[in-house]
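Naming follows writing order (A, B, C and D), and every chain is counted from residue 1.
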Amino acid sequence: MSKDETLGEALRRQGVTRRGFLKFCAATASMMALPPSMVPVIAAALESARRPSVIWLSFQECTGCTESLTRSHSPTVEGLIFDSISLDYHHTLQAASGSAAEAARETAMEENHGKYILVVDGSIPTDNPGYSTIAGISNRDMLEDAAKGAAAIVSVGTCAAFGGIPAAKPNPTGAVSVSDLVHDKPIINVPGCPPIPVVITGVLAHYLTFGTIPELDDLKRPKAYYGKSIHDRCYRRPFYDKGLFAETFDDEGARKGWCLYKLGCKGPTTYNACATVKWNEGTSFPIESGHPCLGCSEPGFWDGGSFYRAISTPTEDLSKAAVYAVGAGAVAGVALGAMNRAKKQKSVDAHEKVTIDDLDKEK
Amino acid sequence: MSGPSLQKGLAAFKEQIDAPVAAFFNSCMHCGMCADACLFYTETKDPTRTPIYKLEPLRKVWQQEYTFWGRSMKALGMSKPVTDEELGQWEELVYDSCTLCGRCSMVCPVGNDIAYMIRKMREGMAAAGHAPEGLIGATKRAVTIGSPMGVKLPALQAQIRHIEEDTGLEIPLDREGVDYMCLLSSMEIMNFPEYTAALAKIFHQAGVTWTISSEAFEATNSGIQIGVSEIAAELVQRIVDAAEKLKVKAVISPECGHAYMAIRWEGPNLVGKPFDFKVVHILEVLDELREQGRLKTTGKEMQRLTYHDPCQIARRGGVLEQPRRLLDMIADDFVEMPEAGVMNWCCGAGGGVSSNERADDLRLKVFNRKKAQLDAVQAEGLVSACANCRIHLEEGLEEYHMDLPVLSLTETIAEHLAEDKS
Amino acid sequence: MTETEFLLWVRGPALQIATIVFVLGIVVRILQMVMLGRKANLAEARGSALAGGLRTMVTRSVPDRGTFQRSTFTIVSGYIFHIGLFVTIFLYAPHILLIDEVFGVSWPALPTPVVDATAVVTIIALLAVLIHRIKDPVMRFLSGFSDYLVWLVTFLPLFTGYIAFHRIGLSPPMLIALHILSVELLMVVFPFTKLMHTFSLFIARYYNGAIAGYKGVQS
Amino acid sequence: MQTELETAMLNVELGDALTYNVKPLLHEIRHALAKLLNDEGPTVIDLRSLPLAPGEEEKLLNTLGHGEVHASLNALGPTEVVETGYPGVWVVRHYNTDREVIGKFIEVCDIPDLLRSQQDDIREGLEQLQSELA
């Protein structure tokens, strides 16, 4: 595949017909959460899009994000998108290893300086650089080095976007997110543990299609996917509004598919596209399977207390605090009350009799 | 001992503040509803006359002395102490603009008994030398002469002679072992001797034995109005001594509002022990006689009558049904004023206001409230059971050019006594 | 501090501190109040102080006709926002959940849209109450810093609760955090201000009714 | 018998409680058909962008029913194009080569674009035919 080939040409060369391309564009529009009326625009843009070089760096991660993306073992539209980019470095997926792999990375960085897309999954340890290294290079150094020539950085997964599980208390490695270290490049966060696969490809497709980064929210997440909360798009929302809740995982409410708020659902504070895009080829999403949302696309979800406690409940033991306060209050109140009584008694004791001669003020 | 002072006043405040006062101040949300319940506000529209505001210095002392926050602020020197000037400014609010009628206490949504607190606040005001001159004078006369109006025994004896001549009935003085010892207010002695005559007639018909003490005939208690418990107690003690000396079963409080409050409700608390005798209001006695069939009347008043509930007898005293039942005997056309009973509007002269010449114009101005209430029923006769109310009602009606006779309930009943005695 | 950390802080340590100040403060205030005591009444009773007191605790919630006519706005707006506060605080599902969590008692919630509508009405009533306080000559005259502070700390939880529910302006975790924080502010301010009337008014009404009831009058 | 009854009841419950999306969607289709008749253009509804409850899609498609045309084409995996019982309302389902759904649309149009032979493909085909005949 030549680097100068347009996406249209690449697809045609693979035997994809116009009809196939149309189907591809329709699926891509759906994937990018764009309205179907955008299909012709996408088709025109993709036709002439150049294949960008993509360098994928994996740091403190579990490979779940890559798994999510590559879970399909046959060509999919996401697969096609990947086929149409030049994935020049991905140490899990690439065939090359060792110094050959690193050389490929360095070459790609050099050749496409200022143009390549840097995809990062995993957080970066800032404590001891030795916690995570690739070919003897610390994660931090590699990131900072690779970021220099990147056109944009896509932080895939909650670890790269917000620190994630490695940053959970007490954060032994001093894990931080990409945006904690890189400040001078456009960063697109695609959080989720893992992110929905089409969201990753959707962001790449958007970049391919329009050459720009999509509109982001204040956490640098693409608004197209993270613009609405799970709660807002949840099909169980009417039950919340009616006050019908499952109290346990096996009660009547759970069987009837009532709202999981009381079982700790973080839907109201979680912004993601799960409720519409869904998982596993649009089969379902956690709430549909009867499990509360964990809030995995939100910063700090890993330290948010139990997954199964409702978000409006306190994280500390309040009843104990209240009992102690009543006790302390009783002691303090009795003491202060006694002081008041003593003060009052003093006034009573010191009372000087008022007679009719004590009424007139000397004028 | 050494004359009035701010220290004495503030000490008295501290002494007076109790659990109810603390609960009341704690609960006030400044909703302003007490203003609309107070004739001194509704007729002047002066926000300083809002009942709860009249207590501001007392509230400050409570906050600075008896609350954790106030004490902390005081310790840090961040609170303004109550000054003598301040108390001076409040004198007019606490004495001239409040009759202790307690209407605000009925309205307050959080249940503050504001009149209860004004009564307590006056203790400090008097000790600090901020009582009105008129009340000081009345109080001095009450202690030294025996009556706030300066009525002495010879004057009473002269009146008794006249009444005995008019009625042909004996007015027993200092008779031991009788059922009742009757008290009189100075106003009744000087202005309304008909009341004493009425008592003689009614008791004669009912066969009740009674007397008047030459040592304690005065019912009123300036000590309560000015707010000096020691003086009030001294005045109550005179009655207690006389009643015990004459070994009477009960003492009758006359047609006077605050006299009833003083002897019936405050009396035992002032002298520090329960009485050995009962204290009853004349209306309670009359109603009891009616019930026993010992009070018989003939004929009815044909003009349209209405009844003014004296605050201290009705709302603050609990005598509400008796006057209605009595009026039923003698009134053909009786109408209730709007808000009669516990929510009745004060005439404007109680709680020492009538003894305070400085407040004369104000009390006549606020009488407008009573006028409106009277206008609503178009009565032809206004009955009441308090000599102080009666004098002020007459004055007010004259001021507002209203031609309406003011009647004493006891006297009106006496006029309708059945002649034949069985 | 990230939003989630902030939310965790307000749900955790801050709520704990607020609860301690709130509970301790209320207990202290009530004890300080009641321990001042009052003298036994030596006059012969005509009625029952206890019965009168208990009765007034209830009956004082309903004004007499004349008072209602004279203070219509104060009474109607007062009713609306007090009932509204009760409904939004105690009949909203997530709040009941919180109470259940802390005290182990729960009761059925009202449907969310009903609570939502109540919140709107309550917010409007509170704003009307504020305007009334500023415009009415008596209330303006009586009101000081603490009256407006008390209004503000009452209004904030409702307002932040409303915008949190509708996700207006900020991210949901931030909105919820601000809502909880505003409640904590209310809890901390509570024992130091006349917000105490929530509890003390029953004591005040009792005393009022008891004083009157002893004399055979229903106040 | 028992299980059938239970299933039926569950369906009723689901039907009552969860079908709040079906009716508005049917209305949307109604409006789209009216637009189509007024020459205001076709409409495409992406079923994957809607928060549909379990069973709702089924219910919607059952309501729409089956019409006369059922086409399938093979381009990057199969695609099914079915005309519903309402002429002008088409259901288009894209699959990948593993027959996993990659797109679900309701198209309101004369004929979905995908079924038409594409200009460029026709041109290429023509060129090819010409070269073969040459």
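Assume a contact is a pair of C-beta atoms (placed from the backbone, for glycine too) under 8 Å apart; a residue touches a chain by one contact, two chains touch by 3 or more.
A quick note: this is a predicted structure, and the numbers were derived from the prediction, not measured.
Shared contact partners of chain A and chain D, listed by label: none present. Geometrically, the chain at the heart of the complex, using CA-atom means, is C. Note on interfaces A-B and B-C: more C-beta pairs are in contact across B-C. Work out the mean CA point of chain A and of chain B, and you get 76 Å between them.
Chain geometry summary: the mean Cα position of chain B and that of chain C are 38 Å apart. Put simply, the C-alpha centre of chain C and that of chain D have 56 angstrom between them. Per-chain CA centroids place chain B at a distance of 91 Å from chain D.
For chain A, the set of residues touching two or more other chains reads 336, 340, 344. Among all residues of chain B, those that touch two or more other chains are 17, 66, 68. Shared contact sites, meaning residues of chain C that touch two or more other chains, fall at 28-29, 32, 34-37. Across the assembly, chains come into contact as A-B, A-C, A-D, B-C.
Considering their complex, residues 336, 340, 343-344, 347-348, 350-362 of chain A touch chain B. Across the interface of their complex, chain A is touched by residues 13-14, 17-18, 20-21, 44-46, 48-54, 56, 73, 75-77, 79, 94, 96-98, 100-105, 113-114, 118-121 of chain D. The touching residues of chain B, when paired with chain A in their complex, are 1-4, 8, 11-12, 14-15, 17, 65-66, 68, 126-127, 129-131, 136, 139-140, 143-144, 226, 228, 230-231.
Those residues of chain B lying in contact with chain C across their complex are 17-24, 26-33, 35-37, 41-42, 45, 47-48, 50, 52-53, 66-69, 105-113, 116, 264-269, 272-275, 278-279, 314-318, 320, 338-339, 342-343. By the touch criterion stated above, chain A contacts chain D in their complex at residues 16-20, 22-24, 26-27, 29-30, 33, 35-37, 39, 72-77, 80, 233-236, 238-239, 256-257, 275-278, 281-282, 284, 288.
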